[in-house]
């Protein structure tokens, strides 16, 4: 089974940018129901900057690429999702280290590290109706697929499906973290915007690995 | 959406051009979107940095100046700024006595200020933070991200600013800020939604016969919706949760802020304050200082909030101390 | 109509209750609906009285205090007060040096202040009047009731107030007021209508894609309607008639007021001022002093106006003189 | 032919109050098209105060009655119409003098004096699209009816009809006085609110004299 290349990681982020840009209104719509109507524009701005950055300063390793992208997200997204997604990419880069390819196992470890970073920064628990509710199941599904002998591409597809399921499962939940938590019971009945963007990111990952 | 803007994405950037043109006594860092006191850093003075999403003007940029903030970090509308400009502001105002971050309790602001403080500490700066969380609309705050920081932030910035101006050290300035926050409570309401420029339409729909009680300052829905009511009723609905959360009838002097959310005319805000004051008098709350006007807003949202701070003689003295900012000025 | 009020007919009366509660340093005469400087009449000082319909706050009640007005007469919303309270205000502030009436040019205001001045003169008071008429939106002013008094009124009140505070006599204070008015020009625009409480619905309909250029401050329709445009265009449309009516490029210092109509958030007003300043720079207009904010409003109307006053060194000195009112304060 | 009594004059003002109160929205509507949407509430407040005043302090003569009413209008209406209608009643009272009845001729003289007062205060000329455009023709019609030998009641009916015609004729005019003048050409196509309230007042007068 082929390793995951630097080019594929870069392709992931380009696809992520295309996806959040295309789904900008959808994400903002979700955020206007239980947040402050900016998640779509936040991520469009952030991933746009990531892609610009990668175009102007090509990275020599996966670690460098993910770190530069994480820093760019932190510095351009603002809001809650900036530090969270930024931390995720920074931790992923650190986990992979200075290499230009990685194994599926390494990618799984990187995703796990990314999840841990998000939790360390945001202190959300499963069921708090945050991006963690999509990212957690996604990481588990990825690891489970590897255990069943699948490669990175198939595992990423499984992760994206688990993320989508996690996203949909946030709908009935009452939020306990982030802006939505201020709504109390009224946050139920809406999908969490961050769980929706996590799903887009994992779908982009699956697409990048499938085509790569 | 009809607004006095050009492109929605340029609102904050272009508004800062106007701030720079109107206030030659301030310095504007357009790259980092900072409003900085003209004589910063002030040697030996604790630096005060606040910031957050834009759209709450005059907070925070309008409170930069002698006796209040040293710098304000202006994020996109309703979106926390990132750590980079917060770090730049921190460095710009560090006069050797340390820097206090005044952060409204919103996850985005808290996370970004936290990351900035870590970075500042890495480069040797002495940084402390006070997170304001005065919004009694948030119930069960143990099970949520906690109470939001709203109206009390204005009063924290004024009093901590006066304390810093007096030359107190970082711990003492932080103590003042914590005292104000700990003794402050706020409740707000909306008659209409705001319109975030990038979204282009009202954040929420509020029928002509309804109002939203317990709102924040970002167009988040509030605690509940109810039939639109006369001002005297609204005053009751705002003060009940404030007065039942903390007692203000100790005889201590109280600072009251009757704040407009942006789209409500001043004639209505004064009328509201009249109604609020009647209730406060009935509860033996002795208001010693009052502000009525738009101080912490939510773009063009119509509505208001009431903030009460149980003060003491020292806090009143700090309140009365000279201040010279675009949004709050007296004594100089 | 959703407003923070009780009964529409009680708005002015109840709003003054709030003013009284919030400003112990002022005196409120509830019967006559007057806001009066606490230490009135000031012996030997020319008394300054302004007033008109309510709904323009902070003008005029918010400009009562040291260095500005001695009294404001608060009519019903957008309706001139009657001669009786104007007379009462005149008597209340007459410190023996005469009284200047500052009247915005609207038929109702002019007629009522005229009748009041006749009554005051009958009882031996020395009263002069200055009628402000700075609104360049009014064309063919010879064939109309004349240009309306708008934004320049704020600056007249500030500078005449400073002149009176210095102890100048009635003729000299009036001369300052006339100089400011004669050198001031204003143009305004609206994005939305205001809602007069007694009417209960918007005074005019303005479609979502249109704006009204050349409006007054009472919801009167303006000079023309046009497609809604970016701020940079609007700035051109506002300044063109101002700059073509009077030249401001003599090198004399200019006082600029970028005024909000009530419902437009400050972030947009600063953005507008940035656009206006660019054009002014291009026309070699040297702005020496600037105000950006809600100073003379039209209830919750969204929109703005720009006022320019060609000043001189003395006028700048009077501008900088200390003032202490709810709506404008510095130097004390 | 019967003289006009003090009671009839008082009845006129009571009917005037009823009429402007009933037509409050209509007057305000007209004023919102070319003014500031307050003419109906201004007059409702003003004539309400007049009636209250007359109820609490009955007047001993027509002069006293009209003077008290004029002062009350001046002090309660505000706006442009307060001093104008106030001056009208004050001048009418002065013209009649200290009596408790008046002849039709005296009433005609009083109306003429009232018109002159309005013109002296407001400086409007015929055709300026103001209340003068209804009041002027009304006074002329009243005088003309007397010349043809009619009594006060019939003359008042003629005056009311002339006022209504004058009111309707204001529609195409471009305003040159009052707030409406700020609209320039855009004031054309709307009836002047003051000409409409003048018509209501003269209709009230005709009714008071007919029933008297």
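Read from first to last, the chains carry the letters A, B, C and D; within each, the first residue is number 1.
The criterion applied here is as follows: contacts are C-beta pairs under 8 Å (C-beta built on N, C-alpha and C of every residue); 3 or more make two chains touch, one makes a residue touch a chain.
Fair warning: this is a prediction, and the values are worked out from it, not measured in the lab.
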- Chains touching chain A and chain B alike, please list them. none
- How many angstrom between the C-alpha centroids of chain C and chain B? 29
- Query: How many Å are there between the centre of chain B and the centre of chain D, using C-alpha atoms for each centre?
  - Reply: 54
- Note on the structure: The distance between the C-alpha centres of chain A and chain D, rounded to whole Å, is 76
- Task: Mind pulling the residue numbers of chain B that touch at least two other chains?
- Result: 77
- Message: Give the residues of chain A touching no fewer than two other chains, as numbers and ranges.
- Response: none
- Note on the structure: Checked against the stated definition, the touching pairs are A-B, B-C, C-D
- Note on the structure: Contacts from chain D onto chain C in the complex sit at residues 28, 32, 34-38, 41-42, 45, 74-84, 121-122, 175-179, 181-184, 186
- Task: Using the touch definition up top, name the residues of chain C that touch chain B in the complex.
- Result: 2-7, 11-12, 14-23, 54-55, 57-58, 62, 77, 191-192, 208, 211, 228, 230-232, 234, 258, 262-275, 277, 287, 290-292, 294, 297, 299-300, 302-304, 324, 326, 329-332
- Note on the structure: As the complex stands, chain B meets chain A at residues 9, 53, 75-84, 106-108, 111-112, 114-115, 137-140, 143-145, 148, 196, 198-199, 203-204, 216, 218-221, 223
